[in-house]
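Data block below; observations after.
For reference, chains read A, B, C, D, E and F in written order, and residue numbers begin at 1 within each chain.
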Amino acid sequence: MKISGRNKIKGKVVNVINGIVTSEVEIDAGNGIRIVGVITKSSVDDMNINVGDEITALIKASSVMFIKD
Amino acid sequence: MKISGRNKIKGKVVNVINGIVTSEVEIDAGNGIRIVGVITKSSVDDMNINVGDEITALIKASSVMFIKD
Amino acid sequence: MKISGRNKIKGKVVNVINGIVTSEVEIDAGNGIRIVGVITKSSVDDMNINVGDEITALIKASSVMFIKD
Amino acid sequence: MKISGRNKIKGKVVNVINGIVTSEVEIDAGNGIRIVGVITKSSVDDMNINVGDEITALIKASSVMFIKD
Amino acid sequence: MKISGRNKIKGKVVNVINGIVTSEVEIDAGNGIRIVGVITKSSVDDMNINVGDEITALIKASSVMFIKD
Amino acid sequence: MKISGRNKIKGKVVNVINGIVTSEVEIDAGNGIRIVGVITKSSVDDMNINVGDEITALIKASSVMFIKD
(Lines give C-alpha, C1' and ligand atoms only; values in the text may rest on other atoms or scores of the structure.)
Protein backbone atom coordinates (compact mmCIF):
# COMPACT_ATOMS: atom_id res chain seq x y z
CA MET A 1 0.00 0.00 0.00
CA LYS A 2 1.34 3.44 -0.89
CA ILE A 3 0.08 6.84 0.25
CA SER A 4 0.75 9.97 -1.79
CA GLY A 5 1.48 12.10 1.30
CA ARG A 6 5.24 12.65 1.06
CA ASN A 7 6.02 13.06 4.75
CA LYS A 8 5.82 10.01 7.02
CA ILE A 9 7.58 10.38 10.35
CA LYS A 10 7.59 7.59 12.96
CA GLY A 11 7.59 8.35 16.65
CA LYS A 12 6.41 7.43 20.11
CA VAL A 13 3.28 9.07 21.50
CA VAL A 14 4.31 11.27 24.41
CA ASN A 15 1.11 13.24 24.96
CA VAL A 16 -2.60 13.13 24.14
CA ILE A 17 -5.03 15.93 25.02
CA ASN A 18 -8.66 14.99 24.39
CA GLY A 19 -11.27 17.62 23.59
CA ILE A 20 -14.89 17.01 22.61
CA VAL A 21 -14.44 17.02 18.84
CA THR A 22 -10.65 17.13 18.44
CA SER A 23 -7.61 15.72 20.18
CA GLU A 24 -4.00 16.86 20.21
CA VAL A 25 -1.47 14.06 19.78
CA GLU A 26 2.26 14.58 20.18
CA ILE A 27 4.96 12.13 19.12
CA ASP A 28 8.70 12.08 19.79
CA ALA A 29 10.47 11.23 16.55
CA GLY A 30 13.92 11.25 18.16
CA ASN A 31 16.84 13.62 17.53
CA GLY A 32 14.93 16.42 19.25
CA ILE A 33 12.10 16.31 16.73
CA ARG A 34 8.52 16.34 18.04
CA ILE A 35 5.43 16.35 15.84
CA VAL A 36 2.09 17.65 17.10
CA GLY A 37 -1.11 16.85 15.26
CA VAL A 38 -4.76 17.65 15.82
CA ILE A 39 -7.10 14.87 14.70
CA THR A 40 -10.69 14.05 15.59
CA LYS A 41 -11.42 12.55 19.04
CA SER A 42 -13.23 9.74 17.20
CA SER A 43 -10.01 8.80 15.43
CA VAL A 44 -8.07 8.70 18.70
CA ASP A 45 -10.74 6.37 20.11
CA ASP A 46 -11.05 4.27 16.96
CA MET A 47 -7.28 3.89 16.62
CA ASN A 48 -6.90 3.45 20.39
CA ILE A 49 -3.99 5.91 20.45
CA ASN A 50 -2.26 5.99 23.84
CA VAL A 51 0.96 7.37 25.28
CA GLY A 52 3.78 4.93 24.47
CA ASP A 53 2.36 3.78 21.13
CA GLU A 54 4.58 3.80 18.04
CA ILE A 55 2.67 5.69 15.32
CA THR A 56 3.52 7.60 12.12
CA ALA A 57 2.74 11.23 11.37
CA LEU A 58 1.47 11.69 7.79
CA ILE A 59 1.80 15.18 6.30
CA LYS A 60 0.93 16.29 2.76
CA ALA A 61 3.74 18.24 1.03
CA SER A 62 1.31 21.04 0.19
CA SER A 63 0.82 21.65 3.92
CA VAL A 64 4.49 22.45 4.53
CA MET A 65 5.78 26.03 4.63
CA PHE A 66 9.45 27.00 5.01
CA ILE A 67 11.20 29.65 7.08
CA LYS A 68 14.64 30.98 6.16
CA ASP A 69 16.55 33.17 8.61
CA MET B 1 8.53 36.46 17.36
CA LYS B 2 6.31 33.41 17.85
CA ILE B 3 4.32 31.46 15.24
CA SER B 4 1.31 29.40 16.22
CA GLY B 5 2.23 26.53 13.90
CA ARG B 6 3.32 23.80 16.31
CA ASN B 7 5.78 21.93 14.08
CA LYS B 8 9.09 23.59 13.24
CA ILE B 9 11.75 21.23 11.90
CA LYS B 10 15.20 22.46 10.87
CA GLY B 11 17.09 20.84 8.04
CA LYS B 12 19.43 21.26 5.10
CA VAL B 13 17.95 21.69 1.63
CA VAL B 14 18.85 18.61 -0.41
CA ASN B 15 16.62 19.10 -3.43
CA VAL B 16 14.59 21.79 -5.21
CA ILE B 17 12.34 21.09 -8.20
CA ASN B 18 11.00 24.26 -9.81
CA GLY B 19 7.72 24.28 -11.68
CA ILE B 20 5.95 27.31 -13.15
CA VAL B 21 3.70 28.10 -10.19
CA THR B 22 4.97 25.73 -7.51
CA SER B 23 8.28 24.30 -6.37
CA GLU B 24 9.09 21.17 -4.40
CA VAL B 25 11.66 21.66 -1.66
CA GLU B 26 13.16 18.78 0.32
CA ILE B 27 15.18 19.12 3.51
CA ASP B 28 17.22 16.58 5.45
CA ALA B 29 16.42 16.98 9.14
CA GLY B 30 18.87 14.29 10.21
CA ASN B 31 18.20 10.92 11.86
CA GLY B 32 16.72 9.64 8.59
CA ILE B 33 13.98 12.27 8.59
CA ARG B 34 13.29 14.15 5.36
CA ILE B 35 10.58 16.75 4.91
CA VAL B 36 9.14 17.60 1.49
CA GLY B 37 7.13 20.75 0.98
CA VAL B 38 5.43 22.35 -2.01
CA ILE B 39 5.50 26.14 -1.92
CA THR B 40 5.10 28.77 -4.63
CA LYS B 41 7.95 29.28 -7.09
CA SER B 42 7.79 33.00 -6.16
CA SER B 43 8.61 32.11 -2.56
CA VAL B 44 11.60 30.01 -3.60
CA ASP B 45 12.88 32.96 -5.63
CA ASP B 46 12.06 35.58 -3.01
CA MET B 47 13.67 33.54 -0.21
CA ASN B 48 16.54 32.52 -2.51
CA ILE B 49 16.24 28.89 -1.39
CA ASN B 50 19.08 26.75 -2.69
CA VAL B 51 20.49 23.29 -2.04
CA GLY B 52 22.71 23.45 1.04
CA ASP B 53 20.70 26.15 2.82
CA GLU B 54 19.62 25.61 6.43
CA ILE B 55 15.87 26.28 6.57
CA THR B 56 12.96 25.30 8.84
CA ALA B 57 9.81 23.43 7.82
CA LEU B 58 6.69 24.94 9.39
CA ILE B 59 3.64 22.68 9.66
CA LYS B 60 0.27 23.46 11.29
CA ALA B 61 -0.90 20.78 13.76
CA SER B 62 -4.25 20.57 11.98
CA SER B 63 -2.45 19.37 8.84
CA VAL B 64 -1.01 16.29 10.54
CA MET B 65 -2.69 12.88 10.28
CA PHE B 66 -1.51 9.73 12.10
CA ILE B 67 -1.13 6.11 11.00
CA LYS B 68 -1.14 3.23 13.47
CA ASP B 69 -0.15 -0.26 12.35
CA MET C 1 -3.26 -0.36 9.72
CA LYS C 2 -5.48 2.61 10.55
CA ILE C 3 -5.21 6.21 9.31
CA SER C 4 -6.75 9.07 11.27
CA GLY C 5 -8.03 10.83 8.14
CA ARG C 6 -11.79 10.31 8.35
CA ASN C 7 -12.66 10.39 4.65
CA LYS C 8 -11.60 7.45 2.49
CA ILE C 9 -13.37 7.23 -0.86
CA LYS C 10 -12.58 4.47 -3.37
CA GLY C 11 -12.79 5.09 -7.09
CA LYS C 12 -11.38 4.44 -10.53
CA VAL C 13 -8.83 6.85 -11.99
CA VAL C 14 -10.43 8.62 -14.94
CA ASN C 15 -7.92 11.38 -15.57
CA VAL C 16 -4.32 12.34 -14.75
CA ILE C 17 -2.77 15.68 -15.72
CA ASN C 18 0.96 15.82 -15.06
CA GLY C 19 2.72 19.09 -14.37
CA ILE C 20 6.37 19.55 -13.38
CA VAL C 21 5.92 19.53 -9.60
CA THR C 22 2.25 18.59 -9.20
CA SER C 23 -0.26 16.32 -10.88
CA GLU C 24 -4.04 16.41 -10.93
CA VAL C 25 -5.69 13.02 -10.42
CA GLU C 26 -9.42 12.47 -10.82
CA ILE C 27 -11.32 9.38 -9.67
CA ASP C 28 -14.89 8.26 -10.33
CA ALA C 29 -16.38 7.04 -7.06
CA GLY C 30 -19.69 6.07 -8.66
CA ASN C 31 -23.15 7.52 -8.06
CA GLY C 32 -22.11 10.70 -9.88
CA ILE C 33 -19.38 11.46 -7.37
CA ARG C 34 -15.94 12.46 -8.70
CA ILE C 35 -12.98 13.39 -6.52
CA VAL C 36 -10.13 15.55 -7.82
CA GLY C 37 -6.84 15.71 -5.97
CA VAL C 38 -3.56 17.52 -6.56
CA ILE C 39 -0.54 15.54 -5.38
CA THR C 40 3.14 15.73 -6.27
CA LYS C 41 4.28 14.40 -9.65
CA SER C 42 6.81 12.28 -7.75
CA SER C 43 3.98 10.52 -5.96
CA VAL C 44 2.17 9.78 -9.22
CA ASP C 45 5.37 8.25 -10.57
CA ASP C 46 6.26 6.41 -7.37
CA MET C 47 2.73 4.97 -6.99
CA ASN C 48 2.52 4.37 -10.75
CA ILE C 49 -0.97 5.91 -10.88
CA ASN C 50 -2.65 5.40 -14.24
CA VAL C 51 -6.12 5.78 -15.72
CA GLY C 52 -8.14 2.67 -14.83
CA ASP C 53 -6.47 2.05 -11.47
CA GLU C 54 -8.60 1.55 -8.37
CA ILE C 55 -7.32 3.97 -5.71
CA THR C 56 -8.67 5.63 -2.57
CA ALA C 57 -8.96 9.37 -1.91
CA LEU C 58 -7.89 10.26 1.64
CA ILE C 59 -9.19 13.57 3.04
CA LYS C 60 -8.69 14.96 6.54
CA ALA C 61 -11.93 16.10 8.24
CA SER C 62 -10.40 19.49 8.99
CA SER C 63 -10.08 20.11 5.24
CA VAL C 64 -13.82 19.81 4.63
CA MET C 65 -16.08 22.89 4.42
CA PHE C 66 -19.88 22.77 4.04
CA ILE C 67 -22.30 24.76 1.91
CA LYS C 68 -25.98 25.10 2.82
CA ASP C 69 -28.43 26.58 0.30
CA MET D 1 -21.63 31.75 -8.57
CA LYS D 2 -18.63 29.45 -8.99
CA ILE D 3 -16.18 28.21 -6.35
CA SER D 4 -12.69 27.06 -7.27
CA GLY D 5 -12.79 24.11 -4.85
CA ARG D 6 -13.04 21.12 -7.20
CA ASN D 7 -14.88 18.70 -4.93
CA LYS D 8 -18.54 19.38 -4.09
CA ILE D 9 -20.41 16.41 -2.68
CA LYS D 10 -24.08 16.64 -1.67
CA GLY D 11 -25.46 14.63 1.21
CA LYS D 12 -27.83 14.46 4.16
CA VAL D 13 -26.54 15.39 7.61
CA VAL D 14 -26.54 12.24 9.72
CA ASN D 15 -24.54 13.41 12.72
CA VAL D 16 -23.37 16.61 14.41
CA ILE D 17 -21.02 16.66 17.42
CA ASN D 18 -20.65 20.12 18.93
CA GLY D 19 -17.51 21.11 20.81
CA ILE D 20 -16.68 24.55 22.19
CA VAL D 21 -14.73 25.87 19.18
CA THR D 22 -15.26 23.15 16.57
CA SER D 23 -18.03 20.82 15.48
CA GLU D 24 -17.91 17.53 13.59
CA VAL D 25 -20.52 17.22 10.86
CA GLU D 26 -21.12 13.98 8.97
CA ILE D 27 -23.15 13.65 5.77
CA ASP D 28 -24.38 10.58 3.91
CA ALA D 29 -23.72 11.07 0.21
CA GLY D 30 -25.32 7.76 -0.77
CA ASN D 31 -23.71 4.70 -2.32
CA GLY D 32 -21.94 3.97 0.98
CA ILE D 33 -20.05 7.27 0.88
CA ARG D 34 -19.93 9.35 4.06
CA ILE D 35 -18.06 12.64 4.42
CA VAL D 36 -16.93 13.95 7.80
CA GLY D 37 -15.90 17.55 8.22
CA VAL D 38 -14.72 19.64 11.16
CA ILE D 39 -15.87 23.25 10.97
CA THR D 40 -16.23 25.96 13.60
CA LYS D 41 -19.12 25.73 16.08
CA SER D 42 -20.00 29.30 15.04
CA SER D 43 -20.53 28.13 11.46
CA VAL D 44 -22.81 25.30 12.56
CA ASP D 45 -24.87 27.83 14.53
CA ASP D 46 -24.81 30.49 11.83
CA MET D 47 -25.78 28.00 9.10
CA ASN D 48 -28.25 26.27 11.44
CA ILE D 49 -26.94 22.84 10.42
CA ASN D 50 -29.07 20.03 11.80
CA VAL D 51 -29.46 16.29 11.24
CA GLY D 52 -31.62 15.74 8.17
CA ASP D 53 -30.45 18.86 6.30
CA GLU D 54 -29.25 18.55 2.69
CA ILE D 55 -25.83 20.23 2.52
CA THR D 56 -22.74 20.05 0.27
CA ALA D 57 -19.20 19.17 1.33
CA LEU D 58 -16.62 21.47 -0.31
CA ILE D 59 -13.05 20.15 -0.52
CA LYS D 60 -10.05 21.79 -2.18
CA ALA D 61 -8.15 19.48 -4.58
CA SER D 62 -4.89 20.27 -2.81
CA SER D 63 -6.30 18.70 0.37
CA VAL D 64 -6.79 15.30 -1.25
CA MET D 65 -4.22 12.50 -0.89
CA PHE D 66 -4.46 9.10 -2.61
CA ILE D 67 -3.80 5.57 -1.42
CA LYS D 68 -2.97 2.73 -3.82
CA ASP D 69 -2.98 -0.85 -2.59
CA MET E 1 -26.38 30.10 0.34
CA LYS E 2 -23.94 29.95 3.23
CA ILE E 3 -20.40 28.50 3.27
CA SER E 4 -18.79 27.38 6.53
CA GLY E 5 -15.40 28.84 5.61
CA ARG E 6 -15.10 31.83 7.96
CA ASN E 7 -12.86 34.06 5.84
CA LYS E 8 -14.30 35.67 2.72
CA ILE E 9 -12.29 38.59 1.36
CA LYS E 10 -13.34 40.46 -1.77
CA GLY E 11 -10.79 41.94 -4.12
CA LYS E 12 -9.78 42.72 -7.68
CA VAL E 13 -7.61 40.25 -9.56
CA VAL E 14 -4.23 41.88 -10.16
CA ASN E 15 -2.20 38.90 -11.33
CA VAL E 16 -2.66 35.38 -12.71
CA ILE E 17 0.24 32.98 -13.33
CA ASN E 18 -0.83 29.83 -15.15
CA GLY E 19 1.07 26.57 -14.75
CA ILE E 20 0.10 23.19 -16.18
CA VAL E 21 -1.85 21.88 -13.19
CA THR E 22 -2.02 24.91 -10.90
CA SER E 23 -2.40 28.66 -11.23
CA GLU E 24 -1.48 31.47 -8.88
CA VAL E 25 -4.14 34.17 -8.52
CA GLU E 26 -3.53 37.40 -6.64
CA ILE E 27 -6.24 39.86 -5.59
CA ASP E 28 -6.00 43.37 -4.18
CA ALA E 29 -8.43 43.65 -1.28
CA GLY E 30 -7.62 47.30 -0.65
CA ASN E 31 -5.99 48.93 2.38
CA GLY E 32 -2.67 47.36 1.40
CA ILE E 33 -4.01 43.84 1.73
CA ARG E 34 -3.24 41.35 -1.06
CA ILE E 35 -4.31 37.72 -1.06
CA VAL E 36 -2.50 35.08 -3.11
CA GLY E 37 -4.09 31.74 -3.78
CA VAL E 38 -3.03 28.64 -5.71
CA ILE E 39 -5.95 26.85 -7.35
CA THR E 40 -6.13 24.38 -10.23
CA LYS E 41 -5.61 25.68 -13.77
CA SER E 42 -8.93 24.00 -14.64
CA SER E 43 -10.71 26.21 -12.11
CA VAL E 44 -9.16 29.37 -13.55
CA ASP E 45 -10.38 28.31 -17.00
CA ASP E 46 -13.80 27.15 -15.81
CA MET E 47 -14.38 30.33 -13.78
CA ASN E 48 -12.79 32.46 -16.53
CA ILE E 49 -10.72 34.37 -13.97
CA ASN E 50 -8.92 37.34 -15.51
CA VAL E 51 -7.07 40.40 -14.29
CA GLY E 52 -9.61 43.06 -13.33
CA ASP E 53 -12.29 40.64 -12.16
CA GLU E 54 -13.90 41.13 -8.74
CA ILE E 55 -13.67 37.80 -6.91
CA THR E 56 -13.70 36.61 -3.28
CA ALA E 57 -10.96 34.68 -1.48
CA LEU E 58 -12.39 31.87 0.67
CA ILE E 59 -10.17 30.60 3.49
CA LYS E 60 -11.03 27.98 6.13
CA ALA E 61 -10.31 29.12 9.72
CA SER E 62 -8.31 25.95 10.34
CA SER E 63 -5.84 27.05 7.63
CA VAL E 64 -4.92 30.26 9.44
CA MET E 65 -1.83 30.52 11.65
CA PHE E 66 -0.87 33.59 13.70
CA ILE E 67 2.43 35.36 14.30
CA LYS E 68 3.05 37.54 17.35
CA ASP E 69 6.14 39.73 17.52
CA MET F 1 13.63 35.96 8.47
CA LYS F 2 11.32 35.04 5.61
CA ILE F 3 8.34 32.67 5.61
CA SER F 4 7.12 31.05 2.41
CA GLY F 5 3.45 31.52 3.31
CA ARG F 6 2.33 34.22 0.86
CA ASN F 7 -0.45 35.82 2.91
CA LYS F 8 0.46 37.84 5.99
CA ILE F 9 -2.29 40.11 7.26
CA LYS F 10 -1.83 42.28 10.35
CA GLY F 11 -4.71 43.07 12.66
CA LYS F 12 -5.91 43.62 16.21
CA VAL F 13 -7.30 40.70 18.16
CA VAL F 14 -11.01 41.33 18.73
CA ASN F 15 -12.11 37.91 19.99
CA VAL F 16 -10.69 34.71 21.45
CA ILE F 17 -12.80 31.62 22.18
CA ASN F 18 -10.89 28.95 24.08
CA GLY F 19 -11.79 25.29 23.76
CA ILE F 20 -9.90 22.35 25.29
CA VAL F 21 -7.66 21.55 22.32
CA THR F 22 -8.35 24.44 19.94
CA SER F 23 -9.03 28.15 20.17
CA GLU F 24 -10.71 30.52 17.75
CA VAL F 25 -8.91 33.84 17.30
CA GLU F 26 -10.40 36.73 15.34
CA ILE F 27 -8.48 39.81 14.20
CA ASP F 28 -9.70 43.09 12.69
CA ALA F 29 -7.44 43.95 9.78
CA GLY F 30 -9.24 47.22 9.05
CA ASN F 31 -11.26 48.23 5.99
CA GLY F 32 -14.01 45.82 7.03
CA ILE F 33 -11.72 42.80 6.80
CA ARG F 34 -11.77 40.26 9.64
CA ILE F 35 -9.71 37.09 9.74
CA VAL F 36 -10.72 34.11 11.87
CA GLY F 37 -8.25 31.36 12.64
CA VAL F 38 -8.41 28.16 14.64
CA ILE F 39 -5.11 27.30 16.33
CA THR F 40 -4.25 25.07 19.27
CA LYS F 41 -5.12 26.26 22.77
CA SER F 42 -1.46 25.62 23.69
CA SER F 43 -0.37 28.16 21.08
CA VAL F 44 -2.76 30.78 22.43
CA ASP F 45 -1.31 30.22 25.91
CA ASP F 46 2.31 30.04 24.76
CA MET F 47 1.97 33.20 22.63
CA ASN F 48 -0.15 34.87 25.33
CA ILE F 49 -2.68 36.04 22.72
CA ASN F 50 -5.24 38.44 24.17
CA VAL F 51 -7.89 40.81 22.87
CA GLY F 52 -6.18 44.06 21.84
CA ASP F 53 -2.93 42.46 20.72
CA GLU F 54 -1.50 43.29 17.30
CA ILE F 55 -0.78 39.98 15.55
CA THR F 56 -0.41 38.74 11.96
CA ALA F 57 -2.48 36.07 10.23
CA LEU F 58 -0.31 33.71 8.14
CA ILE F 59 -2.06 31.78 5.37
CA LYS F 60 -0.49 29.45 2.81
CA ALA F 61 -1.48 30.24 -0.81
CA SER F 62 -2.53 26.61 -1.33
CA SER F 63 -5.21 27.05 1.35
CA VAL F 64 -6.99 29.83 -0.55
CA MET F 65 -10.02 29.14 -2.76
CA PHE F 66 -11.79 31.75 -4.88
CA ILE F 67 -15.46 32.50 -5.52
CA LYS F 68 -16.65 34.33 -8.61
CA ASP F 69 -20.26 35.57 -8.84
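Everything that follows uses one rule, which is that a contact is a pair of C-beta atoms (placed from the backbone, for glycine too) under 8 Å apart; a residue touches a chain by one contact, two chains touch by 3 or more.
The shown structure was predicted, so the numbers you read here are calculated from the model rather than taken from an experiment.
Compared on C-beta pairs in contact, A-B and A-C come out with A-B as the pair having more. Rounded to whole angstrom, the centroid-to-centroid distance between chain A and chain E, based on C-alpha atoms, equals 29 Å. Separation between the centroids of chain D and chain E, computed from CA atoms only, is 21 Å. In chain C, the positions touching at least two other chains are 1-6, 19-20, 22, 24, 36-40, 42-43, 47, 58, 60-63, 65-69. If touching chains are joined by edges, the resulting network of the protein chains shown has some other shape, matching none of path, cycle, star or complete graph. Under the contact rule defined at the top, the touching pairs of chains are A-B, A-C, A-D, A-F, B-C, B-E, B-F, C-D, C-E, D-E, D-F, E-F. On chain C, the positions that touch chain E within their shared complex are 17-20, 22-24, 36, 38, 62-63, 65-69.
Of all residues in chain B, only 5-9, 24-25, 27, 29-31, 33-39, 43, 47-49, 53-69 touch chain A in the complex they form.
Touching chain E in their complex are the following residues of chain B: 1-5, 19-22, 40, 42, 58, 60, 62.
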